[in-house]
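There are two complexes below, and they share chain A, which is joined by chain B in the first and by chain C in the second.
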Partner chain A sequence: MTQLRKLSFAALAVTAMLSVPVIADEASEKEGLRIAQARKEVNRGWDNTVASITMTLRNAQGQEATREMRVKTLEVPTDGDKALTIFDSPRDISGTAFLSFSHVNEADEQWIYLPGPKMVRRISTSNKSGPFLGSEYAFEDMTSFEVPKYTYDYIGDEKFEGDDVYVIEQVPVDEFSGYSKQRLWIDKTHYRPRKVLFFDRKGDELKELEFRDYRLFKDEFWRPMKSFMYNLQTNKSTKLVTHDLQFGTELEESDFDSKSLRRAR
Partner chain B sequence: MQNLPAWARWCMEKPKTVVVLFLLACIVTGFGTTNLYFRGDYKVFFEENDPQKLAYEEMQNVFSKSENVTFLILPKSENVYQPETFELLYKLTKDAWHIPLSIRVESLANYQYTYADDEGLVVEDLIKKGQYDKAHIDYVRKSIEPLKNVRGRLISDNNQMAVINVTIQLPDGDQTPNIMKIGEFSRQLKAKYEAEFPDHEIHLSGIVSMNDAFALTAMDDASTLIPLMFVIIAVMIALLTRSKAASAVVFAIVGGTIIMTMGIGGWYGVFLSPSTVNVPTMVTTLAVADCLHIIVTYRQKLQKGLAKEQALAESFVINLKAILLTSITTAVGFLMLNFAEVPILSHLGNLTAIGVVLACILSLTVLPAMLMLLPVPKSIVVDENNEKVDKLGHWVMNHHRRILPYSAIILTVSVLFCFNNRLNDVAVEYFDMSSPFRQSVEIQKKYMGGMSNIDFAVYTDEVYGINDPAAMIEVDALVKWLRSQPEVKHVLSFADIIKRLNMNMHGDDPDYYKLPESKELAAQYLLIYEMSLPYGLDLNNQIDLDKSAVRVIAVLENLGSDEFTEFETRTKDWFDKLAPHLRLEAASPALMFAHIGARNMESMVWGSLAALVVISLLITLALRSWRLGLVSLIANLMPAGVGFGIWGMMSGEINMALSVELSMTMGIIVDDSVHFLLKYQAARKDNMSVKDSVNYAFHTVGRAMITTTVVLAAGFSVLMLSDFRLNSDMGLMTTIIFIAALLIDLLFLPSFLMWLDKDKKSKATEAI
Partner chain C sequence: MTVRVYAGRDNMKKRLSLVALAMGFSGSALADFKDISISGSAGVENRYYIQDAAYTGQPRSQASVFLEPEMYTEWNDRVDSILFKPFVRLDQQDSNRTHVDLRELMWLHAADNWETRVGVSKVFWGQTESVHLVDIINQTDAVENIDGEDKLGQPMINLNVFGDYGTISGFILPYFRERTFPGEEGRLRPPLPIEEDNALYESDDEQNHVDFALRWQRSLGDWEIGLSYFDGTTREPELLAETAGEDITAIRPYYAQIQQYGVDLLKVQGSWLLKFESIYRTGQSEDFFAAVGGFERTFVGVFDTSYDLGFLMEYQYDEREDNFFAVAQNDIMAGLRWVWNDIDGTEVLTGYIQDLDNTDTYSAFVEASSRMTDNWRWKVDAYFFSSDQTDDTFYYFRRDDHVQVALEYYF
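The block that comes next holds the complex of A and B.
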């Protein structure tokens, strides 16, 4: 009996601890915002990229499934970026193309082209929290980082794999986000995010995202060649490996509209 | 004191040392209790490598988890199509995401309803914030009319109940603290919404709620039954010995036995479970029986005017053999629970066996020492009961010719009724009707038809194999077949989704409510649908990672275990004939219980046989007579026969706790018959006649037999008050068997001896 009582007391104590709010002051919020702005700032002017990516999904049983895709991205300096994703495998969805416009102040827009019925379909926009292609990445994890999407708080300094990093937390502004907050480890020298910890709506740790193998392009832009998303609750994971990344190819606005979807190869 | 073994003499000569040693032993072993922890989840009923459990766990890993908490929402108005109910559904669905470890919440409110509009496929929540008006209610009502994935799952067919289903992801390891946290949180939500929406009843069901109920009833048992049993036993001892000092001594022995037993269990690493929380109750009962034998005889000897030491020594000598023998047989009986397939029943057996041995040791060492330290009771009540026992003996003697045929008839009838019993392990029915969880289950049964599900997984073993029209047709055929079975109440099938998507992609044309023609189309429709689903509502609960397998979830009536496993086999056979190239697996907690019940019974048959053989050999060895050994075997088997016969008349449902009953009770009921036979044999050796020997046996042990049976029956009947049927059924059955054993030993056994031995004697006289 005493064991049981101890148990319930322990449970109570844990609940009480979890419900203590993190107190943020003005200074730490300002510092958080500064870091976020710096992160965005170092990544301006890249114009466009074309990447070929392999996505590997893994479930708790250890089964794996892979998807191949090409992603064309266009920088939109005044708004969120535009991205066109073309799926090359598995065979049954090969040729399917996905177009997304990320917006700073309104809901994102998304279309999909299905080669089978040869039709373009708009996808509902309130699903930004939903999984992208059955993976552990949500749509909102795949779209471009924009400063106004979050409010910030600076937590402290740490070492991450030998490098000095800032630890900040960002809370999504949009009520349709699947997260209550994200904790980021951003290195001080290049303002590259190294790790992100996602918290679900009830405030529990949900996923951990690590960026690996950063490479410098055009002497200016750092891009991770590998990123790894691990779901801490379900033990499922998704790995993204970039095989090829080109900057400054001949892409323009007209390659990113719903008509261009049909032409996408 | 000459007959005493040296150790016993030492105990009586150095009582203070013995008591100090006793206290030390209690302290040392008692520290082990700090290692004890409680596990209330249903997995305690299964071995690590239980095949059904492994299949279930694999399925949970391939697809997503299916352990859940279910909110049943029952408006007082005629149906759920009311503004308040809609508001409740919307709000509670949102709040349910805050239940600890929840990963998915499904209800009418956030059902992902699909339809076509000019530019695309719309996938959206059925009830959004503020959409509680009549127009929207009518829209929802019309929209879900054709949806088989909604009707019978998220809303009852008669529209009177709505369901919010919350999927929980429990981490591995000790789940009980998490389960209790989830249970507590869910009950708070329920209370909050019942207060806010007074015209609604909310009930909690689902597997996690069941686990929570396991933990709660066990706590309940521990906090109510154990104290109650102590009260009952204190009253019994006080009544039977009429001495506070005697009660105190017995309590010291009982307390020591419990502390040491649980402490040793703790050192050994045993955890507490819904079964083992009742070990103290059982150990107490058995320890009291040992103590009473010694105390009652001691009192009788004092009454006859013997001095304290002399009386004690004589009581010791008289009872030594019987206490040793019955303790060993009882321990053997409990140890045979190791044959059980259910780990917590083995724990129960081992812990109780340890307790029995400890009780035996303590009552033969510490008890005499303590009695030595106590003064002789001043007034010894003159025993008028013994006369009644003697009278009973005489009555039996005079009527033994009639008792025998009646016994034979009762026995035959009982054995016939035994065949009424059938195996039935339905986990939800382990809870008494008074438990809130069971009430929820009954409500769910009333409105939804049942809550036992079987998950069927169809493996194509081919990437994107489920999009293949050939495979999809077969899965759809399986779903249709399942829906046509009378015991099936609902089937959740991905084929319904893909058919509807096909219709949506063709401008909602009902003619296209069918499977798409090609694999590519199916894959692409599915892709666009999946890309439209919000957080937590993905299809992974029905489709695996590489789209090679699909899970179909069938909800069945709460069937008995036999029907349940039969249904599994029937479905598998049917599907094997239809689609031999596809692999069909079935798994679910309900299926696990259905299988474990049958396997447990099978192995307990061997356990009981082993107990029977070992115990009979021990008795035969103790009595040094094959003949009397056989007599005792008959006398010891009959009570179980009568017990299961009565059970067959009363209920006829055997669960895993009752399957261990035979080997468990046999060791204990041996007590009465062995005492009786030992005395009878002693008298016969003194050349007394059969009649005088029976009378002597009645006189010397009749009272002790009645006393111990009353104590044992009282102790075990306390378990009957448990809300947990594995415990209450065990208590009831054990009590029935104890009373049957006493009647058999007092009525049938003497009559049988007179018939048996008279025959022999007359033959012997003829030979002269």
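The block that comes next holds the complex of A and C.
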């Protein structure tokens, strides 16, 4: 009994610590930045990947729909990554392709190819807070993690599913971001994000993202085979399941331009 | 139409069946060939006109069905591919709208820095929403829909070269496609139907005149820039009236030889997209300049929902005073794009176009669609026209306001 009481006291203490606005000091900001940099550092040199993904959308009434897509990604060492996403289902949007260039210091660039009218359209990237293909993922959740996109603060240490994790908060630099901040649970052994809590611009909790089923590729790179985004305000959710993931294919820079958009299928 | 098949690493049998497919033979050859992916769409549509017809013989409602299958195969490690996409529509009322077209029969050979597209295909150029001035390669399939977005397949030999300078595209267009028009039993026409099969040409080669086109396109930071040149048979005819005394006995399209210079621009400015297109065309009854420019401003997650709301406004200018197809002479378009971002992919686009010279000349449209299941989609389109000017194009359409409902199946 005493044992139990002690435990709940400990849990309470953690909750209290997290909910009270933390006064960021220089040391905690430095530690937050160090963790973010380490997260980026362990994920350098993967070059390119090709993934087959099933996206399952679920609304508050429990109605479900799936979308099949292929995602080609190219690491750009000196800038943000490039990604080409091709949709295979539902059939009425099959062949639609989406090209995005993430940038570290300037606005991202995005184009969409519509196979019916055979039209490549530039998209304004200030819509980054908008939903990606009707899902709970925003466009900005689909772009690559780059250290200069946020400012950081270290909150504390916790256990997440038995693993030691850092808890940090990151505040987007971009005024067009849909978030006021994100709280991340990053494991200490591999610097893998395990969970992200998103706060809307009003500061309220908006979405929760969990990464599951991490697998190691090329003895070096951890990738989650499942990720699950849950909207805490609308009860809608989106699940991403990766079926196939290839590293080090023949992709190069020239496979990520308007020509590749038109050729994609 | 002959299709030359690239000699790749594949065996002869495979290539032979491919040629057979391309030439329209099926059956055993098709069964042999396992790598053909078949997709496409089919649907039923009903058009209902809100007012009684202006001219005798015109219906009040019009039902139709369409089928647009798509067959695709690739070989040589995806360097080569063929896309075959026929189209057929059967219309209950208008025999002109009952038609077959080869939308695509295109062989793509894709190298790293260049590609060729040979066969029948479709190409789109431009940036603006309300008028497509620069877009000229394909003929408009005008019986399909009044919005002019449907195009006929165009035979072409196309070379695209890619580099740091952007994309340079050259086209040889060896055959001309005549614009389709509603017939006697169709609405959305002048008092007499335009005789689509009785066209007149400036060139003695008529439909066999070989046209050329050249385009340069590149993305440059926040800009999308396109320059284009076309030399050949105009896609947009002028209308000639045959008369007997005072009476007009026939309206025939006349296709002149033209040169057209085009520029199209888009700039991303924060949440704003700024769009501009302009052309200068010589060779028809008057040389003229036309331009369209405006913006689209998108708000995401409006009113605490997942809706995107885009506001569009474009100003249209055309020097031509007296041309049936030049309706965008001095007009302004205001529009709204409403994207629900729901599971069903619901979208609504609506617009209103006001003639700034005549307050009583205007038009409006609503285009809405959504998914019912993964394979079925509904579409509701409505178009409205008004004019008191007896020489205005919309005067002829003044009683042709209509709503069309379509159910489309994608496979």
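For the reader, a short list of remarks on this structure follows.
What we mean here is this: the second predicted complex is superposed on the first by the 243 of 265 C-alpha atoms of A that agree within 3 Å, B and C clash if a C-alpha of one lies under 4 Å from a C-alpha of the other, contacts with A are read in each partner's own complex, and residues count from 1 in each chain.
Operating definition for what follows: a contact is a pair of C-beta atoms (placed from the backbone, for glycine too) under 8 Å apart; a residue touches a chain by one contact, two chains touch by 3 or more.
Everything quoted here is computed from the prediction, not taken from an experiment.
When the two structures are aligned on the shared chain, A:59 is found in touch with chain B and with chain C. Set against each other, chain B and chain C touch different numbers of residues in chain A, with B touching more. In the superposed model, A:249 lies in contact with neither chain B nor chain C.
By the touch criterion defined above, A:96 lies against chain B but remains apart from chain C after alignment on the C-alpha atoms of chain A. When the two complexes are overlaid on their common chain A, residue A:118 makes contact with chain C while staying clear of chain B. In the superposed model, A:105 makes contact with neither chain B nor chain C.
When the two structures are aligned on the shared chain, A:263 is found in touch with chain C, with no touch to chain B. Contacts of A:129 after superposition: both chain B and chain C are touched.
Applying the stated touch rule to the two superposed structures, the overlap between the chain B and chain C interfaces on chain A comprises residues 57, 59, 63, 65, 90-93, 111, 117, 119, 122, 124, 126-127, 129-131, 134, 176, 178, 234. On the side of chain A, the complex with chain B involves touching residues 1, 3-4, 7-8, 10-11, 14-15, 57-61, 63-65, 90-93, 96, 98, 110-112, 114-117, 119-124, 126-127, 129-134, 138, 176, 178, 200-202, 204, 233-234. Interface of chain B with chain A (complex): residues 36-38, 58, 60-62, 64-65, 97-103, 119-124, 169, 176-177, 180-181, 184, 219, 222-223, 272, 463-464, 467, 505, 518-525, 527-528, 530-540, 544-547. Note for the complex: chain C touches chain A at residues 39, 41, 72, 108, 110, 112-113, 115, 122-124, 149, 160, 162, 167, 217, 219, 224, 266, 268, 270-273, 298, 300-301, 306, 308, 340-343, 345, 371, 374-375, 377, 408, 410-411. Considering their complex, residues 57, 59, 63, 65-66, 89-94, 107, 109, 111, 117-119, 122, 124-127, 129-131, 134, 176, 178, 234, 254, 257-259, 263, 265 of chain A touch chain C.
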